[in-house]
Amino acid sequence: MNDEDLLLLLLTLPFLGSFAAALLKTAARTAAASLAGLVALAALVITAALYPSVAGGNVVRISFEWLPTLDLNFTLRMDGFAWMFAMLITGIGLLVAVYAHYYMSKEDPVPRFFSFLLAFMGAMLGIALSGNLILLAIFWELTSIVSFLLIGYWHQNAAARDGSRMALTVTGMGGLCLLVGLLLLGHIAGGYDLDKVLAAGDAIRAHPLYLPALILVLMGALTKSAQFPFHFWLPNAMAAPTPVSAYLHSATMVKAGVFLLVRLWPALSGTYEWFWLVGLAGTATLLLGAYFAIFQQDLKGLLAYSTISHLGLITTLLSLGSPLAAVAAIFHMMNHATFKASLFMAAGIIDHETGTRDMRRLSGLFRFLPITATLAMVASAAMAGVPLLNGFLSKEMFFAETVETHADSMLDKALPYIATIAGAFAVTYSLRFIHTVFFGPPPTDLPKAEPHEPPHWMRLPIELLVLLCLIVGMVPAMSIGPFLHTAVTAVLGTETPEYSLAVWHGFNLPLVMSIVALAAGTLLYLLLRRYLATCENGPPLFRHLQGQRIFERILVTVSWKWARWLEAYSGTRRLQPQLRLLTALGFVAAFVPLYFGGFHPRPLSFARPDLVFSMIWLIGIFSALGAAYQAKYHRVAALTMLGGAGLMTCLTFVWLSAPDLALTQLLVEVVTTVLILLGLRWLPKRNEKIDNTVNFSGRLRRLRDLTIAVACGIGMSLLSYAVMTLPVPDAIANYFLEKAYTEGGGRNVVNVILVDFRAFDTMGEITVLAIVALTVFALLRRFRPAADSVAVPEQQRIQNAYDDARPERAPGDTVRDYLLVPSVIMQWLFPVIITFAAFLFVRGHDLPGGGFAAGIAMAIAFLLQYLAGGARWAEDRLRILPVRWIGAGLLTAAATGMGSWLFGRPFLTTYAQYVDIPLIGKVPLATAMLFDLGVFALVVGATVLMLIALAHQSIRVYRVRSPEPLKSEEA
Amino acid sequence: MSFWSEHLVIAPILIPLVVGAILVLLDEKRRVAKSMISVLSTLALLVVAVQIMRYVSAVHAPGASVTAVYMLGNWPAPFGIVLVADRLSAMMLVLTALLALASLIFSLARWHKAGPHFHTLFQLLLMGLNGAFLTGDLFNLFVFFEVMLAASYGLLLHGSGPARVKAGLHYIAVNLAAALLFLIGVSLIYGITGTLNMADLAARIPELPHENRILLEAGCAVLGVAFLVKAGMWPLNFWLPPAYTAAAAPVAAIFAVMSKLGVYVIMRLSLLLFGDQAQESAGFGFDVLLYGGMITMAFGAVGVVASQALGRLAGYSVLVSSGTMLAAVGWGSTGVTAGALFYMVSSTLTIAAFFLLIELVERGQDAGANVLAVTMEAYGDADEEEEDDEVGVAMPGTLAALGICFGMCGILLAGLPPLSGFIAKFAMMSSMFNPAGLGSDLAIRPSAWWLVALIILSGLSALIAMTRAGIRTFWASIEGTVPRVLVMEMAPVILLLFLTVMLTLEGGSVMAYLEETARNLHVPQSYMNDVMSAQPIKPQEGGQP
Amino acid sequence: MSADILYWSIAIAQVLLAVAMAFACLRMFRGPRAQDRVLGLDTLYVNSMLLLITYGIRVGSPIYFEAALIIGLLGFVATVALAKFLMRGEVIE
Amino acid sequence: MELVLAIGIGVMTGSGVWLLLRPRTYQVIVGLSLLSYAVNLFIFGVGGIKRHAPPILPEGGIADPARFTDPVPQALVLTAIVIGFATTALFLVVLLASRGLTGTDHVDGREQSK
Amino acid sequence: MRTILPYPLLFVSLVLMWLSLNRFSLGHLVLGSVIALLASAAMASLRPDKPQLKKIGSFARLLALVFYDIILSNLSVASQILNDRKGRRKPGFMTIPLEMTNPTGLAILAVLLTSTPGTAWLEYNSTESTLLIHILDLKNEEEWLELIKNRYERMLMEVFE
Amino acid sequence: MWAALLVSFFLLLGAGLSLLGTVGFLRFKSFYERLHAPTLGTSWGTGGILTASMIFFTVTEGRPVFHEILIGIFVTVTTPVTLMLLARAALHRDRSENDPTVPSASILTKPGKTVIGD
């Protein structure tokens, strides 16, 4: 296997392992742990095996095209620095896996845990190995997502839920910023390939977009590394199982931020902005983290703040922009990972054995856990920066760098003092950790009595890490030296400085600083001891100013209160404002282009006056206004006025030579009126005398509506006048007029358009009708009238009462008398209207008429019988199956259209021919007629279905009241 | 072309029409037969759509795209109605078919029994959608819009109940008013240019005299308002969240593509009519789309975080998605359009999956009791014979599967890596920052910052809302109540999410397709030529009186 | 000459009918009761029909005959429904 | 002629819009109907209006197109009439359903508090 | 024959209607017959009361009479409208007992009364066999009663009963 | 010429009667009176204009045109339905409001007994 394949394998192995672990049964604890361990081990071995390939400053690289046009490629790239980071990830990953197997309790669904852990390992490796900025961003966010799952692993615990959500929100947001920053870097560098970007450092720093890019990248890095002011998520993430804390929150994920800063160091660092931004964040974090750590009562809380502080240290180092500082930063990344991971594991053991992590309850554990205590003491010493341990070395390098001058500024000058103070704080909290937990009187109120040493395998990871601390601390050059060098050269390249990893550099200023810090820290601890033994969790002054609370409050305020207010304010759930907006915008949409385009309407022309036409419109206008005026209280009046307006519309169509339209509109008018009347029965009674009070805002609203209405009216007037007086364009209509007879075979051009030129529209239109009819039917099947409409209409009650009161009359006599003569006439009209419908149908192609008009007429014929005799009577005699009509109509129309395929023509190509029939002569036969037949059938079915379904509601209500069976609803 | 491939273009309209008609004729009690026919029809649609896509994306000559033109009634453009299949419409067809398949299968578990004629309405909705995607004629577009809307009214009301009826009333009222605007716009355009064919219209616009041109612009603006209602642009979109929330899950899922129809039309018409070739009118309305889209994104994002119910959250996600698309269209560059198309595919699949998922998730939840009540009402009616005897078994792993799907939806909605939501946002943002491609240091337009910020913030809002909802749903509740879910219901969700995974993995080839699509959209000459030069099969014969 | 006579008589007839329609419309608006309005609408229908016929004579084309026929045959359906609604509170029982 | 029609269309639109913005479902449906008339007339008008134009082609068909009214808007109006009819019916039924389920005929399904 | 052509008179009327709507031609005769046949079948499904036209002659006589009456009453009502001053006219309701019960006959009577301006059919009471009409000018009541009762009703009863 | 005069006569007769009908419709005080007025239009108003149309088209087309009769028949047959139902509705409404000018439904009247209403 060559190096490239190994690289690919290294990245995919954890993901495959994660997938496999997810498939394991919940009870398969050992299998899951073994799987995780083996995968981590294999990854570690592979990483180690790749060392020769990167040792000489070489780079292992493998790339697949993914979205080549956008320069997003799946490029993996391992250099010395990535290698070192990968070692960290896999190595500590292995140890954590071993540790976790013993740590997790029997109730936990362990396979899920290991699945997440392995996925995290893969994502982390992805960050380390990405050779493409976007790919890096992808793995970056993946770590956020997986860490969310890991922190929330014990999700029955509210703290875990909150902590995980906060971690995801903060780091996810940071990741999104990072993405934009990386996009900008790619924009400047001309591509997202890491090598390309790193090579374009000078161009990047000189670019006007450098600052925004830097800020955005820093947002990503600082949130991930829990730097001030984004640090607060990390302590809350301590709700995670301890292995997670050890792995994510000390060794790896939080390192991703500083890893990125190091990774982009060649491209971004060295500027004034970099110094200030990174430096301020770093020093603030360094100091505050250390200060906060002192006052934590939770073991893991202490470690978390300590981690924050140490990450601040690394950040501060990186801010300095000097290569030596970068070396120190890289070195401290490694060192911190080793001692902090071991400390977390030790804390986990303590928690595991005693059942608490509260330092106020813990005491004198040395006698129960001597080995663990020893290990923890060594690791804490490393954390405190005690000589002969690895922490000391990198801290000395840090101190040395703070003394140097980098950018001549206040911050620069203050740095040595800040560093020393932070060092002292580190000593204090390290000391406190050890002293409080392991020394003093035996504990009294532990949740678990009798703590004892954990199984050896659980301790083994700590032992190994502490051993590493010692080795590196004592013989740094021999142990970590070459690896560190490989890493450093990978980052700094030719800028790699001379540095020495010796334990003893002579008695110099940094050493003095260290000594001062040790002494001051010890002193501080002694001073604070009493107070710390009993104080509340959190530092004085800041105790109530918890970042987490602020964050939560802001989140709730912004994403809930403000959002809800804004949603309510900028939106509405009421219909009227929506329609108001729609009509107003419709008006504006037409108005703005005309106004700003400088449209001049033609002067009004009073030519061609037509007295009768004007009178027709006078009536039309009167009716429209009347309908608008009456619609609230006098519904029937409004309906008649509406009918008047419709009638005038029909007359207009006739006046302007459009008989087809008049015909159709007239027929539709009739049906619509009946439909609305059918519905009117179910609307509430309304009385003008009641609820007629309108307050001021109501009046204002009306005024606004009136304004909109008038504006729309005037707008439509002007628009229609403008377009009507426009010179006629060279329209497609001419083609239709020319071809309608010669090629369409009909003299009624409108109808030829409907059934031939644009038959497809007609097909769609009848489909709409069909759909609506079916919907109406479906909806009415579940119709429930309002309580105040259920009763028999008042008129019927009075008339029935009248019949009841008289012995000579049977119930229903009144209505029978009422309809006696009309029903006879309406029955006579039945065949007449059918014949008339046939007439309309037949003449459609040459003269006004057609399938639609015929269909409506036919439907009216049926409707009339319902009107005359009532639903029961009509259905006793006429078995109309409207749904069948609809289906058959649709199929006929479609089949006619498809018939043209038989002649090799496109859908709906018509075919007309005259057939010679003996005696009768030539008879025109056109496929368009068949199509029209489909239209006819469908229209009959749909119209009847709607009318009848509506009419049936009355019967349904009565059926509810009386169990009398009724033959109905056959569709 | 063979006989059948020649008529392939109309198949996406005819198959659902004929099947819908046949289903009408089948008795309501023959549910199995109806379901089978419906599923087969949808499968056929998928096959046809893929075939069309393969046909139009086949490279016959370098740089030349293929546009399939189908002349209905054998009348040439601009006189007759033509159907035009190009890369964009083909893509929409495939997307629609996929969504339809998922929704349909999902509905077979229970929803299709909640009222009569479900399958017919469903098929006719597909007919409307496909027709609107395919047609090259403005008025025919209106007709198919209406077909689609009518079916959507029916489906939205499917199952009845107060919530649906209330939302339906608003939905219908707003859309009826919008339809009137549509008519005004179309007729105005016809009155000025004398044509209804889109390609012909595009050719006529540059030649219009000034007065007529601004009238035409007014017409197009009115038309645009109608489309924007459908596309859900603020402030015309308040009907959308309630409607989508109230709809039955499979209906809401297929609705996810419906709001994209508005976007599709706006994209197609804006670029065709007001692209660079439109001369004086070039770029008309683009700013409105850009800023309107941006406001819509913001509104959607606010709505997403302000939503407590999952349904509303999903509804607002639709708005975010629409706003993003509109803004991207208004941006007006090939790269962003390509990215936006990718985003459209991804977000449509996501939202559809999410709508389906919501029902399953809420089934096990106390908080979803109101939804359940609606469901009960839908089934509890007297004329339903079968009862809950087959409504899902509590399977082990159900919760895990639901959780994974939910997580994926969250990741997709937030645009987080590694799924397609991220790729889409990345593609758009990268193209915004690099208008002339990576490497050329062309200045970044100021609006790019706003747009990128909104993309990020809307993602963040989705992230916040989805974690909030996810935690409440999966973590805060006791695991004992495992929702009873059928495999038949789970499979469509998984299918849709699997498609997003495929979209991610195959991002390169998808992007290549979409980039070509975007190029064709931005330089529509070949579209116009193909439509206008298509010849009838033979001169008409017969028909002589 | 005869064309003139015809022209003017048609014109006058149309104006008369239009005035008649206006009166009907006025009654429709004024009411006072719903039955008056409905009757007004019916009258409006009939007069419109007559106007259509005169229009047909004027343009010399029988093409508008159908529209008049529809009013004659089916125009009453709307008013019947209205009347039945007034009497029974329900159009179809 | 054009002026009269334009004013008529405007008044119908105005009345329709006014009703459309009212709170009662019945008002809305009447408003939509009025708007439909207005829009149908508008569509019809965009083809340019002609008086006494022959509506039907003469026998033999060939004719001077300039003498005829534009048939295309007429065809569009016919389609619009049908669709308008269908949607009005649907809206009616939905408003009835809403009234039945909520007990009120307010467009929002509940009375607005004053 | 009865089953194919249940209503010969209706059939003939419909064919005539068809032919007058279309131009007369053999083709239309055939087509019209087919349609009339179908329409008659539809009518049959309504199962209406089948009127028996017994004396076509007296029916024709009645029509002629009514035609004449209509002209007269047109004139009288027109004059009443033109000089409609208070007190000159005496509108009022009037109840007329009817012997005819045949619905078709009643329907035709209604048509006749309505066609005659000045008389309006208001209400028919089947249990009491009375008809309430409204008359625009009721100055000579007996004349109206005579007209309706003895002329129209009697002649109609001759035709239908 | 004669035809033209004839056509004009019938036209003006029909239109005039129709107008007169609506004048009455507007002027009469009670609904029951108003009920009579439009019948001028439906009887000879329609008759006149239809006759004019028949004469006109018979002359211009050179063949007997009589399909207008259909309209006449339809109008004659359908008008009673409308008026009757409306009248009955009005009666019902007036009675339920106890309008004293309207004969109550319950009176068993003797032949010819009349109630005067204004």
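Observations, loosely collected:
To keep things simple, chains are lettered A, B, C, D, E and F as they appear, and every chain counts its residues starting from 1.
As a convention for this text, a residue touches a chain if its C-beta (ideal position, glycine included) is under 8 Å from a C-beta of that chain, and two chains touch if they have at least 3 such contacts.
Because the structure is predicted, anything quoted here is derived from the model rather than measured.
Note on connectivity: the fewest chain-to-chain touch steps from chain B to chain D number 1. The chains other than chain B, grouped by which ones touch each other, come out as one piece.
Path length between chain A and chain B in the chain contact graph, taken as the least number of steps between touching chains: 1.
With centres computed as the average of Cα coordinates, no chain lies farther from chain F than A. Chain pair with the larger contact count among C-D and A-F is A-F, by C-beta pairs in contact. The innermost chain, defined by the distance from its C-alpha mean to the mean of all protein C-alpha atoms, is B.
Chain D and chain F, compared by their mean Cα positions, are separated by 31 Å. Centre to centre, using the average C-alpha position, chain A and chain D are separated by 40 Å.
Distance between chain centres (mean CA atoms), chain B to chain E: 62 Å. Between the CA-based centres of chain C and chain F the separation comes to 12 Å, rounded to the whole angstrom. Multi-chain contact residues of chain D (touching two or more other chains) are listed as 20, 25, 28, 42, 45-48, 52, 54-56, 61, 72, 79, 83, 86-87, 90, 94-95, 97, 101-102, 107-108.
Residue positions 17, 21, 107, 110-111, 121, 123, 125, 128 of chain E are each in touch with at least two other chains. Contact of a single residue of chain F with at least two other chains is seen at positions 21, 23, 35, 42, 67, 70, 74, 77-81, 83-85, 88, 92, 105.
The set of touching chain pairs reads A-B, A-C, A-D, A-E, A-F, B-D, C-D, C-F, E-F, using the touch definition from the header. Residues of chain D that touch chain B in their complex: 20, 25, 28, 32, 35-36, 39, 42-43, 45-48, 61, 72-73, 76, 79-80, 83, 86-87, 90-91, 94-95, 97-98, 101-102, 107-109.
Those residues of chain E that touch chain A in the shared complex are 10, 14, 17-18, 21-22, 25-27, 30-31, 35-36, 38-40, 42-43, 45-49, 103-104, 106-107, 110-111, 121, 123-128.
Residue ranges on chain F touching chain A, taken from their complex, read 74, 77-78, 80-81, 84-85, 88, 92, 96, 105-106.
Here chain F touches chain E in the complex through residues 17, 20-21, 23-24, 27-28, 30, 32-33, 35-37, 39-40, 42-44, 66-67, 69-70, 76-77, 79-80, 83-84, 87-88, 91, 102-103, 105, 107-109, 111-118, going by the rule given at the top.
Looking at the complex, you find that chain A touches chain F at residues 795, 798-799, 802, 806, 818, 821-822, 825-826, 828-829, 832.
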